[in-house]
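Both complexes shown next keep subunit A, but they swap its partner, so subunit B is in the first and subunit C is in the second.
Up next, the complex of A and B:
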């Protein structure tokens, strides 16, 4: 698989690791020393070279191993990928968006050749070559959504828009922060966000929905979300809670730096052309506390954010129990100095 | 500011006069990129430079949604209107450079429907032309009922009839044809969705009859773009920009703000989408609410205004822009 991609696991021996380059480009999500829910959306325009924003869909050193992990999750539980019948067209829209973006942004890894509706797709890292007819499901080994998201990092949901609302009616969800597509499928925007504390009272969801209903073709947006995960486990699903939930009880001062990970989701939203649906890629990035504190600004700030985050939020994100330990560990790296605004590391 | 998406630079490739009232325009890109595909029912906003007056009118796309070589719209001339359609008819020629927005769909098909019942009046046919092309590609079941004044003005009747056969039903007013609405509403299979586009009275008649016949509101879809109505000139204070502007008789409040260099949000410019919704700080007088967006309660409270179509008369209006 070449030197560009890590040989690593997200289960069992957890050999996942971030290279120095991956640490440097990690999407640290806190622009200031405190955190509260907000709509925090900005245009998803290309960012600095080398950053996770450089391209529409970021492909990094974890790509091949993440795709292998996804295939294992799907083999155990095929319901992680579902698409209601009316969402097939949106699946094709997404396939087109991803193939065109990757072929444009990473031409050495991906190629897309079109002759009318006869398409030819080459994915070198995964050693896939596929000739198929666009919009003809019988020419792919599976539906268009499943086909392309088996080759793309991050979870995906597709929202149908009708009755001034959005409905989550298709998705590929194997790297989720404790929510279930099988449980949520068919729900409206308010229904699937119902469990989130505090944000409803702040009016965040009313504003976000209003914004998204007007999301325009050609003008995608992005936001961050974050949580905490013990061990670099991508599949923190409710379906598998008995397997990973108890690991929260095994953290100690000795192992927390290695095992506790900040999990950041780069969420983007794209209006899809033919279906008028909205695609919602949720790309998870993991970084261990010990790697994160190598960036002094991030170490100071994460300590302050975790220490001060409101209790309902720490509960919802599932780390209330370990907060004191996290704060104790991180406090070693916070000398009290001020931090600069924005999430980029301080200039060296 | 039209939230985000860049404008598409185009050149007019073709102008076809279909009858004394309707012209069809084809736009192709000048930057060599393909046009975006779109969903049936979408519209674009066409920007016109009418001797220094910037006009921006929404028009439904009627070309094949999968055709990335160009966009087509049809424009009905409105002699009593503010001038956008007259400009399109009298001044727009092949070869002219213009700008259009990315497609926006406020009249989307519900792809869960078992059947799509399409009801068009006059120039309201245009979004359905794109929708039918898309439905045909998808293999969905549909039926069109198209009411138009006369065979001379029935721009696309023959063409649609030849393309879709007995799924297309034409009604000519001057031959006393009437859409048999009551019968249509009674005879549909379960899971049918109804779509109507046309004059205000027709939309009200179709939606009112369907609701009275027990159709669920979520199965009813309509689109009516309002042209900003003309009226008396009025003054508005823009609190955030610290400007006081005068809105001319044939100008909309949104256009007056833009002319004054104020960057105000918009999308449809026809009172339908809600993007330009603006808080009212003070209102000594009355707002003439012409939009389809605000609720009756919001309209009565005079705390919000839709600058794309609504006007004011009275002593003072201060808005948050």
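Up next, the complex of A and C:
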């Protein structure tokens, strides 16, 4: 593995670590001192150099180790990757989007050569080289969705569009915040969002769906979601909840800084060209509380957000029982000073 | 469609209606337990068109999870075919054959417990028939079909919340989140965070 990629684990000894550079570019999701669900979507346009928005698909220092973790999850539970039969074309669309983006944005790591439908893909960090025929499944070791998402950080779902709705009908889901692809596959937009509190009543999902149905090719959008995770565990699946649930009871003032992580999902939405499906990459970033509080504005703000977030949200996100401890820890880093709007660090 | 009166408001839960006779080349009725009463009402609603409808009707019936067996009331209707079986899995090969042979204009009616209707809807969709061809009406027991999200095993006829998974033995609470594809609610380990602390089971579904 090259110097650019960490040798680390997201299970067992949890050797995952963010470098100072990774902390600096962490996508802190709160533009203000309070949080409530909203239709928070903006164009997914290239952001500042070095930021997680610089490229369509961010490849960072955790890439190689995350892909190793995904392979382990899939070996345990192959149902984490599923695609209903009519979604294969959307899988090819996604493969094309990712290969073209990565080859364009990271030419030193990825190369894509095309000669008509004969494609040649090189992935240097994972030491993969593949010649295949685009749109011919028999020329890849597995389906196109599984093939490309075993090489791309973040979970992915593919939504078919029909009857004025979206249906989640394919996905690779190994780093999820407690929802099951196997259970949800085939559901409509309102159905798979059914467990979310408050947002239906606020009209968030009706408006978001209306917007998405009109999503245009070449004009992707993005939004943030967030939750809390004890230890840098990527696989917080409901399937394995009996394994990770008990860790929530082991937090103390002494270990919370090291073990409690803010988990941020950078979600993007892309219209796909042939299938007219929508691809939904869900990229999870983890940061320990002790690393997060090194940025004074983030420390102040996270304290206020966690203290005031409505109880139904804290319950749904699964941190209600530890909220008092989180607030106690974070309050040490909140001097009550005002914070500036926007999520970037103060120029201090 | 009238809404069901079952508890819970989660948007993934199906909504059931009242069976109405619709013109069709053939009629397939799948019912269990108290659903027999809804079938009798359906035929009554057909009025003078009932004999013509019954001449093209195939009824598949099984007792409900609470033991209710009203097959005699269905046999008395005089449908072209009336078949009684033990449970859904024994009915399934016959149902799949009928769905596979179906022509345009088949009307499908299913009534009784949620577990039965959910499985019929699933098998109809799997057979490639439009879901609009199916009408549903809930009658009788409210016991649930639940998938354990951990081991993926399905437990039929769940009465209490929490309950013990019949496959892996974990104690599960029953969510209102419902999957049409699995025709099941979701069960999640209730003592995951505090192993051993299982609250007493409450009879939520009868």
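The working rule: the second predicted complex is superposed on the first by the 347 of 348 C-alpha atoms of A that agree within 3 Å, B and C clash if a C-alpha of one lies under 4 Å from a C-alpha of the other, contacts with A are read in each partner's own complex, and residues count from 1 in each chain.
Assume a contact is a pair of C-beta atoms (placed from the backbone, for glycine too) under 8 Å apart; a residue touches a chain by one contact, two chains touch by 3 or more.
From a predicted model like this one, the values you see are computed outputs, not experimental measurements.
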Could you tell me whether subunit B and subunit C fit or clash when both sit on subunit A in the superposition? fit
Once the structures are superposed on A, label A:180 by its partner contacts, choosing first (subunit B), second (subunit C), both or neither. second
Which partner does A:200 reach: the first (subunit B), the second (subunit C), both, or neither? second
Contacts for A:273 in the overlay, against subunit B (first) and subunit C (second): which applies, first, second, both or neither? first
Where does A:43 make contact in the superposed view: on subunit B (first), on subunit C (second), on both, or on neither? first
Applying the touch criterion given at the start, work out whether A:89 contacts subunit B, subunit C, both or neither, answering first, second, both or neither. first
Would you sort A:210 into first (subunit B), second (subunit C), both or neither based on which partner it touches? first
C-alpha centroid angle, subunit C to subunit B via subunit A, nearest 10°: 70
Tell me the contact category for A:238 with respect to subunit B and subunit C: first, second, both or neither. second
Between subunit B and subunit C, once the two complexes are placed on the common chain, what is the minimum CA to CA distance in Å? 5
Both subunit B and subunit C touch subunit A; at which residues? none
Help me check something: in the complex, which residues belonging to subunit C touch subunit A? 10-13, 147, 149-150, 152, 170, 175-177, 179-182, 186, 188-189, 192-195
Name, in rising order, each residue of subunit A that touches subunit C in their complex. 79, 180, 182-187, 190-195, 200, 238-242, 245-246, 248-249, 321
Residues of subunit A defined as touching subunit B within the complex: 43, 85-87, 89, 135, 160-163, 210, 214, 216-219, 221, 273-276
Footprint of subunit A on subunit B - complex, ascending: 2-6, 36-39, 41-42, 65-66, 102-105, 108, 110-112, 134, 137-138, 218, 267, 273-275
